[in-house]
Amino acid sequence: MSHHYQSVLESIHAEVLPLQSDGAVANYIPELAKVNANTFGMHLRTIEGLDYSVGSSNELFSIQSISKVFALALVVSIVGEKIFKRVGVEPSGSSFNSLVQLEYEKGIPRNPLINAGAMVVCDALIDQLDKPKKDFLGFVRRLAQNKKIGYNERVAASEKEYGFRNAALANFLKSFGNIRHDVDEVLDLYFHICSVEMSCKDLANAFVLFANHGKFPSTNEVLLTKSQTKRLNAVMQTCGFYDEAGEFSFTVGLPGKSGVGGGIVALHPHRYAVAAWSPRLNAKGNSVMGMKALELLTTKLGSSIF
Amino acid sequence: MSHHYQSVLESIHAEVLPLQSDGAVANYIPELAKVNANTFGMHLRTIEGLDYSVGSSNELFSIQSISKVFALALVVSIVGEKIFKRVGVEPSGSSFNSLVQLEYEKGIPRNPLINAGAMVVCDALIDQLDKPKKDFLGFVRRLAQNKKIGYNERVAASEKEYGFRNAALANFLKSFGNIRHDVDEVLDLYFHICSVEMSCKDLANAFVLFANHGKFPSTNEVLLTKSQTKRLNAVMQTCGFYDEAGEFSFTVGLPGKSGVGGGIVALHPHRYAVAAWSPRLNAKGNSVMGMKALELLTTKLGSSIF
Amino acid sequence: MSHHYQSVLESIHAEVLPLQSDGAVANYIPELAKVNANTFGMHLRTIEGLDYSVGSSNELFSIQSISKVFALALVVSIVGEKIFKRVGVEPSGSSFNSLVQLEYEKGIPRNPLINAGAMVVCDALIDQLDKPKKDFLGFVRRLAQNKKIGYNERVAASEKEYGFRNAALANFLKSFGNIRHDVDEVLDLYFHICSVEMSCKDLANAFVLFANHGKFPSTNEVLLTKSQTKRLNAVMQTCGFYDEAGEFSFTVGLPGKSGVGGGIVALHPHRYAVAAWSPRLNAKGNSVMGMKALELLTTKLGSSIF
Amino acid sequence: MSHHYQSVLESIHAEVLPLQSDGAVANYIPELAKVNANTFGMHLRTIEGLDYSVGSSNELFSIQSISKVFALALVVSIVGEKIFKRVGVEPSGSSFNSLVQLEYEKGIPRNPLINAGAMVVCDALIDQLDKPKKDFLGFVRRLAQNKKIGYNERVAASEKEYGFRNAALANFLKSFGNIRHDVDEVLDLYFHICSVEMSCKDLANAFVLFANHGKFPSTNEVLLTKSQTKRLNAVMQTCGFYDEAGEFSFTVGLPGKSGVGGGIVALHPHRYAVAAWSPRLNAKGNSVMGMKALELLTTKLGSSIF
């Protein structure tokens, strides 16, 4: 089987290479544009702890919105499902409506994987953590079993410098009372968690816990209950891919999350977690090569959940 | 195993009974309100053709929106995936935004399981079918292997009489050119397909094809390709439960579809299809007992896909 | 003074002529496009009954939305201000939001000069009139003192054939219960009143009543109370020019109403009514030469109300 | 005539007194709630410089949104009408849509008298003024000929402390590039101009310039051109009363502006300016007694422009 996974990744690598000039790198903040656009990497880890990889699977990149899953997992591990009184679990429709939807739903974001929802999660983390930025990073390092993972302060600063729409969202949430702490403090944590840099290997290592009922595979230590893990996976399935959640459900058929840094991570419950990365994005903001790689993976393994 | 399924259904029946007074029967059209509110039925059919049932599993009820899956399956079986040029596959956010979302997206409904999307599907069916109403019914009868299935003309007439919001949607779609036929003709088909009456047994029989790669289990005859079936299942997973798709993904974790008549049908790929029915609805328009029954089913069977 | 008005109109005529190729004729319905695009006419009538005119002031054209003022005046003359329980008196913001605004405000249109508001007025007229289409026409003929005024049935039919957005609005209103009669009946009246053909002279004659406290100038017969007339004039001032009400308030400074047929009519309380017509429209749907002509009129006469 | 105005004000005073318990004081910021709720004052100044007053016409109150007219007048007096490239002159529909409207119109606020528009004006003032807060105050003092007019720093601080929706708007504008300066700097000026305290006498004195073609009545010095003054008056007419602009156009029929502090100021071109104040507001945010007082004024004087 180990041989099988490796050969599947290698054939995927060969098949996605022709796409390496398709799409465009995110440039809404200058720091994100400073990347080797044509890179591709992929890493798969099974719940038994076996690793398979191709391409630049050890190269660090900005995980961006993928970090929202970590923030959600952390807050659920501390306060449980009561966080879902402040943020929903339903998909959000087009981003066009985000502000009016927030108004209509009285400041309760549709789900924790859109920006507004992640800000509420950050606000809740500030409640719970002594040193929110340090403690969040410690949590991610522990999940990925890599103490070198860190924030990219230039990216965080760049997000802040150009993040007026996010500042609008945070102030709007505050006006509804769904942000308790200082808006600047919440945004500072939010911009930092988005700036975390990880490799495909790091991401696959971290997400394998969601494929393993919420337990650390190496130690069987429980971080999340089975029910909590199921909740997180369901949220990823229905809300993880911006305006392409339905498409991803079809083409890949696994719960996962993407980021505008070009990373995508997905998991097959009870089997494995897999991360792919390539910076060029399609029109909906998801990695071109990454999406294709995951589609090929489930096709070749026959492992879509549908 | 047959014994196992049956005992699971029986324990579910016992557990949902205390909920039989919770929720309220849909009354937006008078005909729907004429139902025995406290009824419950459930039927499970495996892809091997084994049947298990409890309660009023043979009683006919108005399948309402569940019919949108049949319409979609029929149009895909005829014209293939090109229907998705006229209707999307993404979840739709709150119903509040439906008209403005349709305007923003220039008349392309978000998915085929919301009213606007089903109307586009009906319009496409009128293109393809000689006698749309008769042919659609023939298709449903063939799927469910029951020639007695029929429309409830009083329900269809009632839908039309009170269906001004649907008429608004259809005209709005027409103004964008995404309805080709006469608005009244499209609405007539739409209101009829919603009025189909089936039992839990009929629905489970019909949906088992989606659990069986698109093939009729009894004959192995192919109606839909594997890819088409995967597409339908993915659409059900992300769009099948009004504003509770995320909640259903979590609590049940299977692709499915509900209707305001109180029916819910779901399927576990490669294993079974299951239908539950009880007329009282929760605030989001899904059957109270039906939702609970399916949640208990996947809990007891350990068969959520997450 | 009579000499003065005539010379002012003549100088205006000379000044607007260079604009006769600017803008584009409305073509959303084919019938409206069949017009001599470069025509211009203007007619001013004082409350004393003196007439002044230039250009094609006797040529008939489709008055379109100007007719909404007649419908409103007629319903107010019959049922009084209680019509304003079913339709507001506030401006409507951009047309983009019309449907969502109607939803937010539970089916009460913002004002009677937008399409949805005029439909509610038509519905109320059907309540009150024996033969709505005939009686409405009789009312307009009486206001304009011209028994030859009529509907253009080809325009009315064309409006209906392409009027799916209006049909969507009417059905949406019906879903809120703010249309009582059959949707098709309301739309038929609505499309007919929009198809009325009048000349600049007819329009000035008809609107002089609004400049004369609601009394017919020739007979002093009272159609509307002073208060009702003030209400109509205020509604025209704030809502009469689509998305250019503010611009018109500034450049012209008189209450008035425009139509996509290229007509504009305005009035100076206690002094005169004036109509201008030229079919080419600016980007906001108002006549290019007509807007300029009225701007020049109030500049030359110093008669803006501001 | 002077006797006439005085007796009219006195009869108005008597007629509005029974309303002194109607409505509720604005309490969205605590500082505003600290006011004697039942107070009423009114002051009218003619362009000839004659003054008439009743009640607490010399008592200071928070002018709030009325200040937006001063900000607009100041920026127009400096940069002219080019400010209208950054902010429109059209009414805005319901406040519900403010954010989505701003998105649809790409960051160009509908008019300078809504919050977003006033922020753009503040941003433009920061461009032009050495010491924006000091210079703005100097301008208001000069208009009102009262050097004692000042900011209420507690109100400004309170606005800031609770102004998250305004902060959301400002950041949203910044994301579209329609705010050039630092968001906090713009908000600081915005919150300060809203905190200005004036009496009815001060307001009438200041607004008489808009009734006098833009010239200071006492010196005939020109601040605004006739055209600029007409523009301001037209903007006040169509946009000055939140969601009650149409109602005010009808009941009062004069250009004006209200504030949530309970102040209302209006002007009759070429005749007078008048201010009324009473803190209790109706459901649309306008002073109950103030609205009634102005309605009675134009009824008694027969001076509506309609």
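A, B, C and D label the chains in the order they appear, each numbered from 1.
Assume a contact is a pair of C-beta atoms (placed from the backbone, for glycine too) under 8 Å apart; a residue touches a chain by one contact, two chains touch by 3 or more.
Owing to the predicted nature of the structure, the values given are computational and were not obtained by experimental measurement.
Participant: Moving only from a chain to one it touches, give the least number of moves from chain A to chain C.
Facilitator: The fewest touching-chain steps linking chain A to chain C number 2.
Participant: For the sequence-identical pair chain C and chain D, determine the rotation angle of the Cα superposition and round it to the nearest 5 degrees.
Facilitator: 180
Participant: Name the chain whose C-alpha centroid is most distant from the C-alpha centroid of chain C.
Facilitator: Centre of mass proxy via C-alpha means gives A as farthest from chain C.
Participant: If you tally contacting C-beta pairs, which pair wins, B-C or A-B?
Facilitator: Higher contact count goes to A-B.
Participant: Let me have the rounded angstrom distance from the C-alpha centre of chain A over to the C-alpha centre of chain B, please.
Facilitator: Whole-Å distance between the two chain centres: 32.
Participant: On a C-alpha centroid basis, what's the spacing between chain B and chain C, in Å?
Facilitator: Centre separation, chain B to chain C: 48 Å.
Participant: Multi-chain contacts in chain B: which residues touch at least two other chains?
Facilitator: In chain B, residues 96-97, 100 touch at least two other chains, as defined above.
Participant: Over in the complex, which chain D residues touch chain A? Could you list them?
Facilitator: 96-97, 99-100, 103, 164-165, 167-172, 174-175, 183
Participant: Where on chain A does chain B make contact in their complex?
Facilitator: Of all residues in chain A, those touching chain B are 88-94, 96-97, 100-101, 104-105, 110-111, 229-231, 233-235, 237-239, 243-247, 249-250, 253, 255, 269, 304-306.
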